[in-house]
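In this document, chain identifiers A, B, C and D correspond to the written order of the chains, with residue numbering beginning at 1 in each.
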Amino acid sequence: MNFASDNWAGASERVISALAEAARRGGPAYGADDRTKAVERRFAEIFERDVAVFLVASGTAANALGLSAYARPGGVTFCHREAHILVDEAGASEFFGGGVKVVGLDGEGGKIAPETLAMAMAKFPEGVVHHGQPIAVSLTQITELGTAYMPAEVAALAEVARTRGAAVHMDGARFAGAVASLGVAPADMTWRAGVDVLSFGATKNGCIAAEAVVFFNPAHARDFGFARQRAGQGFSKNWFIAAQFDAYLKDDHWLDLARHANEMGRRLAAAIEKSKPGRLAIEPAANEVFAVLKKIADARLRASGAVYHPWLADSVPADRRPGADEVLVRLVTTWQTPQEDIDRFAAVLSAA
Amino acid sequence: MNFASDNWAGASERVISALAEAARRGGPAYGADDRTKAVERRFAEIFERDVAVFLVASGTAANALGLSAYARPGGVTFCHREAHILVDEAGASEFFGGGVKVVGLDGEGGKIAPETLAMAMAKFPEGVVHHGQPIAVSLTQITELGTAYMPAEVAALAEVARTRGAAVHMDGARFAGAVASLGVAPADMTWRAGVDVLSFGATKNGCIAAEAVVFFNPAHARDFGFARQRAGQGFSKNWFIAAQFDAYLKDDHWLDLARHANEMGRRLAAAIEKSKPGRLAIEPAANEVFAVLKKIADARLRASGAVYHPWLADSVPADRRPGADEVLVRLVTTWQTPQEDIDRFAAVLSAA
Amino acid sequence: MNFASDNWAGASERVISALAEAARRGGPAYGADDRTKAVERRFAEIFERDVAVFLVASGTAANALGLSAYARPGGVTFCHREAHILVDEAGASEFFGGGVKVVGLDGEGGKIAPETLAMAMAKFPEGVVHHGQPIAVSLTQITELGTAYMPAEVAALAEVARTRGAAVHMDGARFAGAVASLGVAPADMTWRAGVDVLSFGATKNGCIAAEAVVFFNPAHARDFGFARQRAGQGFSKNWFIAAQFDAYLKDDHWLDLARHANEMGRRLAAAIEKSKPGRLAIEPAANEVFAVLKKIADARLRASGAVYHPWLADSVPADRRPGADEVLVRLVTTWQTPQEDIDRFAAVLSAA
Amino acid sequence: MNFASDNWAGASERVISALAEAARRGGPAYGADDRTKAVERRFAEIFERDVAVFLVASGTAANALGLSAYARPGGVTFCHREAHILVDEAGASEFFGGGVKVVGLDGEGGKIAPETLAMAMAKFPEGVVHHGQPIAVSLTQITELGTAYMPAEVAALAEVARTRGAAVHMDGARFAGAVASLGVAPADMTWRAGVDVLSFGATKNGCIAAEAVVFFNPAHARDFGFARQRAGQGFSKNWFIAAQFDAYLKDDHWLDLARHANEMGRRLAAAIEKSKPGRLAIEPAANEVFAVLKKIADARLRASGAVYHPWLADSVPADRRPGADEVLVRLVTTWQTPQEDIDRFAAVLSAA
């Protein structure tokens, strides 16, 4: 019953095989191999347009390097106040952006409202050199609180960003989960809604270390090859990422993996909702379930071997926060989560 | 007959198996897994002392992050003028060092002489804020020209560095090759000779993407965990590097791999030396062979399928440079190079 | 009736004379002149200890460079949410710190409470590489809201900072005003209370472009000469800053100038407080007066030629904020403000 | 007899008066004053076109910030190997450029030849991410060795730069001297010859701390206001620079000052050339005279109170270098140098 993180899962067998096979073969260095090129083409198909794609090995690198393409002096990037780029990446976006600011915004369920963004940007009026200038908005899809932006919501935020010439970045660490959950075309969720650059995550969903930075306007990627190499993310054996993506993207494997994780999330949420000592704090869209548990139930679950993280109460709406005898927790299902874990969790919970 | 680069080789079967096994298992994220810890301990054994070890996925990251621990305003790092950190890493050391300079020095066979270092440092006199201050010396072992520093040579350079408070960094992209070639204890080649921080490379010698930054004085690593995470080199599935190193370091596999590569290099060099249309430009210490070939022989070899890179003539001593009908080339053998490739190369060459 | 900013004032006659005299003379470049050395010694007297002093030409440079001495990877600097370094310096502290974060804290009247600092630091637990590490706390003295920290308050904050190894920086853009207002020895307000580095401002108080970075532990300044030169703040005709400071610090001229500004502030505040259509929003400690005015009075004052800035209502405690027919404003007096301006302002205000 | 540096001179009386007058007056902060605007317009007249002008207080800031507008990942700036930006600015260009490289080129008399630039750029072939990409060429006018580029020479270098999309920067620390010496229109020496951005120096020629960054294509300056503020070079009392420039540029004062310095340089050179124990090492174009002196004459001159700096012998052509009993020296005349100093120097020299 490990619901700690989708980072704890291993890799899918198809991904492992592809990687092992590539590693036996070797090949031209630094992305000059055929597989890297094939993967780059595959992204163009998935997004129904020409894209500039760059493989990297970590989500932090994908986010920070992708955003760095829009860095300018005095630059300010806006994101949700619980965004991974703000809270969990050791200042990578500030660093790779040459000292830009990353400003966290409030927003229910991990989602930024257009008015919130507009108000935050208004604190940096056009041309006032003292305060700085908006350069980007970063949206996380699936959000850090397990919800999803609908394409129209992305478009509304992008429209606000455009009023100030700010780019739109999507941290898609759980992009597959969003596509699987919303049943929306990748193109609709991204560039058609105004997204400029996407961190297309695969690591959390069955790969080992595989992320892609996808620029929807290849002109924005003019310097990216240099930026990636300088960051130590241009790998001599670049095929090790390409092979993972090759298997991951083939025959919709990525969506199948995400569908499983989401389905397990849905069942886990349902089990909690119908239990006595548990309730949902946020309606989950994919594989992250934020729940309020009675402390006694929490103790029982942990005693039974369930692993998951407590969460900060102020992440959820005031009327959903835990009471004195309750605790807010995050439970994450993965492509690997067995149905039995859900059943067992449900059984322990309802018995508590 | 692929002698293009040790970057083109795949990975050893033991490394692949270890990685696949780890990937099936998954585990705690960000290096909290047992295997990462075991690997860190293994390095202490190999170097016969406490060390602070940080796994990263590329040599550029290892070098630039390792050096960044010594960055200071106005800082100047010295290295050979053909050093990878100067020529081939897109300015990573300057970038991660916050804008430090990297100054290339002349030196026969890829090796810096102590007097050359002393003279170069003298251009940055103590306390003259206009010019800058020495912060580090970076030595490549095996050098970019296929030679090796003896421990006494490292010690002599370290002594010069110490006079100015500069750290000593070793780019050990081919560290295994050096240990295998010189038959010297890793400790003697590094900290006992005055090295502060080592990029311990594994990627070129049978791994996929596995490098370790080894600080011999753990106090120097105070901030390194943050620096690595911020660089996007702190991986959620960090076990993917640890598993490679686990297999690589077990039972001296790393040295066996390097011994093979070196032996192939030795035989290749011998074949060239005794051939008519070829001669050695530099006496090789490990798996990089710099040779001068008659153009006609070069053409025959390429026509027979041999793959290797031409090299800049001024890398080698004046009296060894190619004549008008000759060309300087670099040939790299690997842990995977079959004896038959050497034999075939020799046959084509002597027939030319 | 110009109460817009102490930045709008000219320079004191003594300062102008000293500068003109120095400019006629010229002299050795880059701070090697006698006057620079004399000024450096003068700071040691003022602070009753050895200090390392570096003259620079702007407050932004003083703050950002001073803080940069404590920058570390993943570093986080804490300050008030209205602090100049956070809001008004175009990201200089982030930039010179190599991408550190600057986090703004709530605090009544522009002052940070120790508990607030402790709670904010707790979000960056020791050794958690994802979140970052506290490196510094920056206090503004006189604060951006016109109040002053007592030495004991500085000490309490410094104690919290020390628990995490964070440095204490004081943005003393209005340091003279604080010394004049509190009647406290400069040493008591700074290093004896735990301050590590001070931006000693003179520009706002009768100089033209003159700030000093004062390190109370000279060891912290090890690299500062290089950092200043690299920042373009090491001036060839460095005597132009030294001459200003020479006149400014002689015979307590700096304190006389500040006393006048403070006295004018006191009278202005008193006039507002006793007026009908005005009231103080914050009790001023020096030369910045935050007041709530009836809109009609505000209009009359502006029509009469009074110049000052509106201010964000949420800067002041909830119970002091302007009502619907009121406006919050900031009025700044200077060393140059004539008594008549205060009288005239008072007359217009009470007539409104 | 002070020929140490044009940095040692004071300021011209007109400049001092203008500054004192402005300092008595004060005015709107951060460049919103009328004088700053008038100065900006004056530059448009001087250069016969719209320009974007930014005042800063030091040459290092002007150079490094001006170049930073062209910084890109993996960027490489080329300059002469004795260029101030490479040797004397503590790495400012690397720092403000976010870690770019600055590569020094050989070139007789401080001047880069187009072929040298082309060859140096060829080491960074288009699109090879490992090596980096050319971003700028920086030319110093008057060069560090006292010579001047003719407009056609600038144009030839600019043409080479254009082939790779690199910007052309001119370090005009002694720009007035160049205009006065060559009798060429400022426009012809800069943008008409392909210069993109100019550091227009005034500090060395009668001002105190006054430099202007002039962009000939205002679009290049899009972010410069933010960059300048972030660098601590956007001054609250910005009029202190504007006032200097106002007096400096009025009625060709700047050219008169430079003409005097150049004339003194010419006479000094002539005196050396016709002396027995001295000869010119380089034909001077303006106010820097590089000469070879017999050691005995050097000793006599110093004993008589002459102040000047020895120089590195390898700065000058091999056939002009000092012999065993000689020394290479740099002598700098200024707008302030009295004719008597020249006469006295000549007398001592010829008597030696």
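The rule is short, and it goes like this: a residue touches a chain if its C-beta (ideal position, glycine included) is under 8 Å from a C-beta of that chain, and two chains touch if they have at least 3 such contacts.
The structure presented is a predicted model; accordingly, all values stated were derived computationally and were not measured.
In summary, the pair chain A and chain B forms a contact in which both copies contribute largely the same residue numbers, shared numbers making up over half of all those used. In this assembly, D is the chain whose CA centroid lies farthest from the centroid of chain A. Work out the mean CA point of chain A and of chain D, and you get 51 Å between them.
Averaging Cα coordinates per chain places chain A and chain B 35 Å apart. Centre-to-centre separation of chain A and chain C, using mean CA positions: 42 Å. Along chain A, residues 30, 73-75, 89-91, 95, 98-99, 129-130, 132, 226, 229-230, 234 each make contact with two or more other chains. Chain A contributes residues 30, 68, 72-75, 98-99, 127, 129-130, 132-133, 223-230, 234 to its touches with chain D in the complex.
Contact residues of chain B toward chain A in the complex are 5, 7-11, 13, 15-16, 19-20, 22-30, 56-62, 64-65, 89-92, 95, 203-204, 208-209, 226, 229-237, 240, 336.
Listing the residues of chain B that touch chain D in their complex gives 73-76, 87-91, 94-102, 129-132.
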